[in-house]
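Below you'll find the structures, each written out as structure tokens.
Shared between the two complexes below is chain A, which has chain B as its partner in the first and chain C in the second.
This part shows the complex of A and B:
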């Protein structure tokens, strides 16, 4: 219980600030937390809403897993090859600041209005922090250790999988954690322009119909999803990094 | 027979069975063409009836299917139509014109969804109850909200300001608030006049403290707000399919107009807005937009709107509304 106390206190403070903002501003578009929570049971007992959430999560999983596979490979390549680093770093720095959601209309033209364009936006949105942290993780591995491994007869693949990857894992997990939250954000944003299903149905349709309590209930669901995903991620991270001397909690690096 | 050959034999039978199943299942779907249709909310009742009450339509699901894709506004639907990702979609007069002039989108206007008439609801600009703004001339130097910069509603605002002796480009500061944020922008005094549309207008009026400055009906008594458009190449290559779709739009609109209670139920299923909330304004005289019987399109009104946008400098060239009119495939079609 005492472990969760800070989280509970932070949640209560957030709710209090929300209630104060609701009472102070008196805006139609900002209902109180009670009204939003009251709309939750109806939303989560609706089969269509659950289907929408499931569809969004499927697209998010596809985009995120692709980003993880691509980002770690790409980042480690940059971290271990000075030539790749010099070639790809300017490219990454140019792509990083582009708002990925702004690409949605163009991707829609190239890939159509189905799942592909949305998965690609999620992939683009979440891959860059994974690349960056994998790159930094790869760079941080001591060259002396790598040379020693080579002197002991390890080939390139063995050095990558037995020396570089394990040593870079703590940094890679920071990128994966940041990427996970960005995947959740881009998942929602990817459904603004066009959608057949997804959590955008809950959020943007409620906004279009001035159902603000329902809209904020959908936001609560998204926040809860983010929290749950982060807890799952942290459990996986601990399992993989039991050996690490890192602290129990890692910091989210927002890039 | 060896174990290996038995397994191969069973595997071959299983593969053949699966292949025949896979082959048989889509055979039915392949026989029925699918129209890719973009839609938005609220107020497309004929489409909502087709989505939620497909059994009421003779052709839908039998001679053709519809793949429904929801969009946030009409502008991205124009892009999707230009890209060939949609066959038909909802558009407004301005998005139709811009799609044609800037994107080279050739299309037919095949049915209407919502319009305004002298006794119907029409979008309006509101000011605070105690505002010093009483006439158009009082807007000089003020901040005026609009749903989106480049919105079709700017045409009526432009004419209103001109009639009041103002220069629409220089004498006001136009800011984008969106319909959902319009009321709050007005109440928080971030804008001096805010544009109101349903369902936000009904909510704001119920709360009080605002008054109408002018409605778009004051400027143009009749207008087409949203209507159905199909790509020209799609209609020309599939005239029977397009005609079936327009026939169902006609039928959908007639069913919607004939049974308000059921239409509210249908709209509630689509929008998830409680029926009792919709009941306050939906398809209510003076509280909601005009729906034309049979989803008929008034091309004279469309022409007037295209002329207005040209006069206001919102489109670079004059357009002939009849160029968007297919001689046979246009609602009402029975």
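This part shows the complex of A and C:
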């Protein structure tokens, strides 16, 4: 209980500020927390809304898993091959500061407003931190650990998958966690830019129809999704990294 | 038998200059011999060890093991490093069994042999611990057991006890000697401690720096099995230590 106390307090303070803002500004576009939470059950029991949430999660999962597979391989390649590092590092540094959602219009021209363009932008949005941390993880693997494996008779490919990959895992997980949050953000933005379905679309439709209670309820759902995904992620990470010193400390930088 | 002929190693420094780390090393090691290498930092003693291990390529000359040239790492030469180099994501037992699994042994078979080795280094109670849960001395015991598990003919030990406190070091030296008396592997042992080198070795190789080279080879003619407590009062032991320390001081003064 005492472990959760700070989170509960923070939540209460947030709700209190929201309520105060609602009372003092009196805007129709700013309903109070009670009204927003009251709109939640209706939204969650609405088949269309559930379909939207399902669509969002599917695209996010597709984009994120692609980014994880690609980012880890690409990053470890850079981390273990000085040649790959020299060639790819400038490319990564150039792509890094571009907000990936800004590419959405181009992707829509090429791929339409369906799933493909959204999955691709989620992939782009979440892959860079995964590449970066896998790269750093790969290059910081101790030389003598790799030598110890080589002396046992492991070839290069075995060393990459059975030594470098697990040794880099604590660092890779930092990238995966940042990537997860970025995937959520890019997912919502992609649905706001290219509206067909999804939770972002639901949010903006509610705004268009001036259903502000429902709009805030959608935001609560997005926040809850992010929180739940992060909790699941942390449980998985702790399970994978029982052996690691770093298992209890992880910092997330969302850029 | 290890035969090293006209071996040298050149590095490119960060400034792009050629640096001769080892120059014309010639050395022969008999099977079952315990040989220590000692010398000032920068004399290339660890580099020599890594080249025998096949981890670092030679620039010139060759290394022959039972007549076959070294072209890369192999399970006939087992390294033990100062920083342990354990697989942190594997338990103690899995670390030791790993090499055997790679040689195609079944899991129960590999684990059974791993348990025998674990008992030999006195850690049977820690089979299911992760390396992070062990002290430095325990980690090094695991590392030694892991290397012995795949039964290399040659042990290449790079300051294996250098990071341990004096008490633990004494214990591990004694245990290493006991294991060596039993299995008689060829051991090449890099160290900074003259006392350690004399206590353990059949021969002590003294290296000098700039460029790294073998300066002297001193046979240690003390009877085995050796007891540290008895050696302490042995004049010959004291004389070896004084002689070698004097040599190293002289080389360092000449280089400075």
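We adopt the following convention: the second predicted complex is superposed on the first by the 243 of 255 C-alpha atoms of A that agree within 3 Å, B and C clash if a C-alpha of one lies under 4 Å from a C-alpha of the other, contacts with A are read in each partner's own complex, and residues count from 1 in each chain.
Here, a contact is a pair of C-beta atoms (placed from the backbone, for glycine too) under 8 Å apart; a residue touches a chain by one contact, two chains touch by 3 or more.
Given the structure is predicted, the values throughout are model-derived calculations rather than measurements.
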item: Simultaneous placement of chain C and chain B on chain A, clash or fit; value: fit
item: First, second, both or neither for A:236, with chain B first and chain C second; value: neither
item: Chain B versus chain C as contact partner of A:193, first or second or both or neither; value: first
item: Chain B versus chain C as contact partner of A:34, first or second or both or neither; value: neither
item: Chain B versus chain C as contact partner of A:105, first or second or both or neither; value: first
item: Touching partner for A:210 - first (chain B), second (chain C), both, neither; value: first
item: Partner with the higher number of touched chain A residues, chain C or chain B; value: B
item: A:228 touches, of chain B and chain C: first, second, both or neither?; value: neither
item: Superposed arrangement, angle subtended at the Cα centre of chain A by chain B and chain C, nearest 10 degrees; value: 160
item: Overlay on chain A, chain C to chain B nearest C-alpha distance, Å; value: 33
item: Intersection of the chain A residues that touch chain B with those that touch chain C; value: none
item: Chain C to chain A touching residues, read off their complex; value: 50, 53-55, 72-75, 77-79, 81, 83, 85-90, 98-99, 102-103, 130-132, 146-147, 150, 152
item: Residues of chain B defined as touching chain A within the complex; value: 38, 40-42, 67-72, 76, 79-80, 82-83, 85-86, 180-181, 183-184, 187-188, 199-200, 203-204, 207, 271-273, 277
item: Chain A - residues contacting chain C, complex; value: 142, 144-145, 147-154, 163, 166-167, 169, 242-245
item: Residues of chain A defined as touching chain B within the complex; value: 25-30, 46, 105, 108-109, 112-113, 192-196, 201, 204-211, 214
